[in-house]
Amino acid sequence: MTLARHEPFPDIARQREADRFGMVVFLASEAMLFGAVVMGLFALRTFEPAAFAATSQRLNLVAGSVNTAVLLTSSLLVAIGAEARASDRAALAKWMLAAAAALGLVFLVIKGSEYVQEYGEGLMPGVGPRQDFATPGARMFMDGYFIATGLHALHVTIGVVMLAGCAWRLRGDDPPSIVGVGNIGLYWHLVDIVWVFLFPILYLSR
Amino acid sequence: MPLGRLLFTWVALLVLLSLTIASSFLPIGEWRQVINFAIAIAKAALILWIFMKMRDEAALVQLAVIVAAVLLLVLGGLLAADYGLRGPSPYVSIDANTAAPHFP
Amino acid sequence: MLKLLGLDLPEASAHAAHVDTLIGAFTVLILLLAGPVIVLMFAFGIRYRRGKQVNREHAPNRNVALEVSWTIVPFLLILGFFIVSAKMFFTIHEPPADAMSISVVAKQWMWKFQHPEGQAEIDTLHVPVGQAIKLTMTSQDVIHSLYIPALRLKQDVLPGRYTQLWFTADRPGTYHLFCAEFCGLDHATMGGSFVVLPPAAYARWLAAQASGGSLATAGGALYRRLGCGACHGSDDTARAPRLTGLYGSTVTLAGGQRVVADDQYLHDAILDPNAQETAGYKPIMPTYRGVIGEEEAMQLVAYIRSLKSVPEERR
Amino acid sequence: MSRAGMHDAAREDLAPLRTEAEAASYLGGDTSLKAWLTTTDHKRIAILYLITITCFFAIAAVAAALIRLELLTPQADLLSAEGYNRAFTIHGIIMVWFFLIPSIPNVFGNFLIPLMIGARDLAFPRLNLASWYIFVFGGLFTLAAIVFGGVDTGWTFYTPLSSTYANGNVVLALAAVFIAGWSSILTGVNFIVTIHKLRAPGMTWGRLPLFVWTHYATALILVLATPVLTVTLLLVAAERIFGLGIFNPALGGDPLLFQHLFWFYSHPAVYIMVLPAMGVVSELVPAAAHKKLFGYWFVAYSTLAIAFLGFLVWGHHMFVSGESMYASTIFSFLSLIVAVPSAIKVYNWTATLYKGSIALNAPFLFAMGFIGLFVMGGLTGLMLALLAIDVHVHDTYFVVAHFHYIMVGGAVTAFLGAAHFWWPKMFGRMYNEVWGRISAVLIFVGFNVTFFPQFLLGYMGMPRRYHVYPPEFQTLHDISTAGAGLLGLGYLLPLIYFLYSFRHGEPAPVNPWDATGLEWTVPSPPPEHNFEETPIVLRDPYDYPLSHDSSLR
């Protein structure tokens, strides 16, 4: 079932352009949201750069690196899935999107394990057995870390649900439209780009 | 979009990832942040250009991406104007001889 | 013009007079720029009323030269005002070296002024006329703002940081003093009065005030009460750095940076000692944030400042 | 009192559809409550927004009345400190986010953009309805905040007061604005895509009415600035609930960072409020003078210039807040540049009137009122952008007068001008012209009597948000309160004769003002699908050949 022509649009091609353009404009607003958090982190960093670097070292770099690779790979799978849907190879598209959703889950699991580890080490501000913050700057870093990665994890969860939904619908006879799969792909790639910026800022400012 | 280009981009992204991790161990102080940021921009550009197919997109859509990026740089730049220059700005920070309440 | 309406804000300093002339001049510029628009609008409205037979031939729809001129000319005029006001802004932010310093602590809904000789007063600030005064201000809870309309000056007072305001009042009298940044319930009643006294009257007022001892002596008593001497007092400097001569000297931190031991450094070292560890010392000093307030921190800083044994070390 | 959200039956008692035009229009057809609440017709959604923001305006106007009455006397006799703080906070929050920002874009933008560009509806009709529901959902949170005792942080939510020391239900208010923010973002996306992708054949950018240009610029700001506000308020809520410390100095954060992120949104937000008003005036003035707009491209490009430059100047709200003085100087200089495009617009409107044939009906009186008050507001804004003057008058009644001149004198006057100009087209009924002119003059006089004395109060040093003040300010406050009474009366009049026009207004012709523009080529009220077949646009906007001028006929 290709996309039905909606009321206000004279022809289907223009409607596809509009849907995709609308998604890109919405993703621009999402980028501004994460950009504001990152700029806030940079501003706070100028107060105590040493504390930021010290606390960044206490994060689990291996988990962060693996997570980045996981997201990059899932981005590739989504790109291939979108290509497959565009060339009407529904089976390939289905598997690709399902795999991407699975990798998204892997990301969330790794992220969750990091949070548990930080909870135990007392790095979670205001929560947990003990508070192990040497300086206010360390606490600021961890506040920023939880805000940024929390918001990002929320967006990853939404993405995983949408990818899984798409894969499920591709299985049946009512596949999502090409533009629909393309838009979910755009969303997933933006979530990946946000992590591409968050990873060095949080994990590598050692 | 040929599969080869997608795979090549993926490999390039992983290479850049390992590069940025490696660079964080170099003893070059603040320069690592600059390198990390540059590599992050490169990776983001690759994802935008290839995965999000901005390469063959109308100029209008590319403009939407650029405008968002420019505004974030504006926010960062003018924030830096305040946070970076707060130090020497005399009335805010207190330097040794003039600021402190000194006693006869 | 305002004096005609019986509204007359006293000018208690030279800066106040400058600000008034700047406001007056800009009001004239506003009339110059807004006047033609309003006058022309009414004139055209009446002259070219629909139905009136009047010459409406070849009405212009664009005129690039006109557009450019009415853009550039106002911009240049305003640019002149910008330069003048920026210069004034810089002068009110660079206090002279010989300014008499008064410490100000703002708390939810009251101002506490501490004169150098130790006299403290609540919600009222007495200053001698003609003497440059510098207020070093901090807040103990939310953002307040010290506003003295007679001096045309205000400065926000931020918690956790020192901000500064300096002036030279040159007309004796009693003026309003307000809090200008909304700070909660009694923001409206948090003001007081700003009293400018001739030098003789100021000296008499100072003497009459029950001198609570200078900041430094109060700091010394606090230093002993809190037992800081246990680590800092003894001669062996293994446990903690010596405080005499510390003020104004350059300290190398654990991270290798070199920082001047100024007011802010000492304040942070007391309230968050581990934030800036001194090189060669373990971070064993307990934090005093929450144990002592901003006023006590100021007293300790004043006491450490008075422990100078090596004067020429200071820059 | 609070009728926001729920469909207000009393206001909606449409007259029995006597005229056949109404029966065939979008107002006809299924007029059940369910049809209205599930419509995706941009015209009906515009009406839903009109009802909702009128209710919110009523609530905030009551708060304003309480404030002005309290300030009659130097002592606190009508409201206690607590009551006063909560009154001005609710007045601020509702007026900014629940009336001014949605007023012209969501009511007239929704209704007119598809009509003006020759489209049948907005690009995403269902998203349009969703943004109204999100707006109402946010509104319910505001009403909950009022019912549970209000908020006492001011509409600016400055930390650490809002994050640690305020005890009103701050989180409810933050949630309300957070949700209303998403409604703005969705509206912005809808407008941008519609204006790009749904213009009729021949409708090039050079033939777009300026109303559409200004809404394009407003949509850009809505989409790009609002997310920064939503994440900032999210951080403040996280501080109150989970004890994070980003803005809390006691934990090492920086209260100035909140002010930076808040004003990075809030200054472009004042352009969200004033740009649509400029769009309305750019339509009214040529229609008034029956003459092409002077310097079309200058006005169009200055609209986009305002939208972009609006993002560079937020620091002029923080000259005395402890920002580094070098940053203050940079922001002061940039604020001068942003004033230039506004000046271009005002001069072009005035030049349009030269050699026109001007009919001084109610909409055009409102447009003239807008130009007069906007010039005053804009130039006093320039005064505030000068560093040395701002140090004296920041956070005083001078600032209160300045932004009321722009928001009330500008945006609300233009909103009423738009209401009068397009009322016949929206509802197919003519309002009473004499009463329209009376209310325009009454509002202009009432406004000036209310807010001009506040400039003097501000210069004299009367700080903002004070319910107790030194006695020498009393006379000016009394004049201002008297003016507020006049202004309140002025705002009630349109409400009355507009409702009256539903039942007794005679049916409106297709083009009552002989104005150009595609929206005047469809019957009023327009049919469900706007145009039988998509129009082909050949002529430039505002091409009023003098022969077209009715006075010569």
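All chains are identified by letter, namely A, B, C and D, in their written order; residue positions are counted from 1 within each chain.
To be clear about the criterion, a residue touches a chain if its C-beta (ideal position, glycine included) is under 8 Å from a C-beta of that chain, and two chains touch if they have at least 3 such contacts.
Fair warning: this is a prediction, and the values are worked out from it, not measured in the lab.
In terms of Cα centroid distance from the overall Cα mean, chain D ranks first. Across every pairing of chains, the maximum count of C-beta contacts belongs to C-D. Averaging Cα coordinates per chain places subunit B and subunit C 35 Å apart. The geometric centre of subunit A is 18 Å away from that of subunit B, both derived from CA atoms.
Here the spacing of subunit A and subunit C, counted between their Cα centres, is 44 Å. Shared interface positions of subunit C, i.e. residues touching 2 or more other chains, are given as 93, 155, 161, 163, 272. Shown for subunit A are the residues that touch two or more other chains, namely 17, 21, 25, 28-29, 32, 35-36, 39, 43, 48, 135-137.
Of all residues in subunit D, those that touch two or more other chains are 196, 224, 228, 252, 256, 260, 264, 322, 325. Subunit B contributes residues 60, 67-68, 71, 74-75, 78-79, 81-83, 85-86, 88-89, 91-92 to its touches with subunit D in the complex. Every residue of subunit B that touches subunit A in the complex is listed here, in rising order: 1, 3, 6-7, 9-10, 13-14, 17, 20-21, 24, 32-33, 36-37, 39-40, 43-44, 47-48, 50-52, 58, 60-61, 64-65, 67-69, 71-72, 75-76, 79-80, 83-84. Those residues of subunit D that touch subunit C in the complex are listed here as 76, 81-82, 84-85, 152-154, 156, 158, 160-161, 165-166, 249-250, 252, 255-256, 289-298, 319-322, 325, 328-329, 332-333, 336-337, 339-340, 343-344, 346-348, 350-351, 353-360, 368, 371-372, 375-376, 379-380, 382-383, 386-389, 391-392, 394-396, 456, 459-461, 463-470, 476, 546, 549-551.
Put simply, subunit A touches subunit B in their complex at residues 17, 20-21, 24-25, 28-29, 31-32, 35-36, 39, 42-43, 46, 61, 65, 68-69, 72-73, 75-76, 78-80, 83, 185-186, 189-190, 192-193, 196-197, 199-201, 204-206. Those residues of subunit C that touch subunit D in the shared complex are 2, 5, 7, 9, 18-19, 22-23, 26-27, 29-30, 33-34, 36-38, 40-41, 44-45, 48-52, 55-57, 59-63, 66-67, 70-71, 74-75, 78-79, 81-82, 84-86, 88-90, 92-93, 108, 141-143, 145, 147, 149-150, 152-156, 158-161, 163, 176, 178-189, 272, 289.
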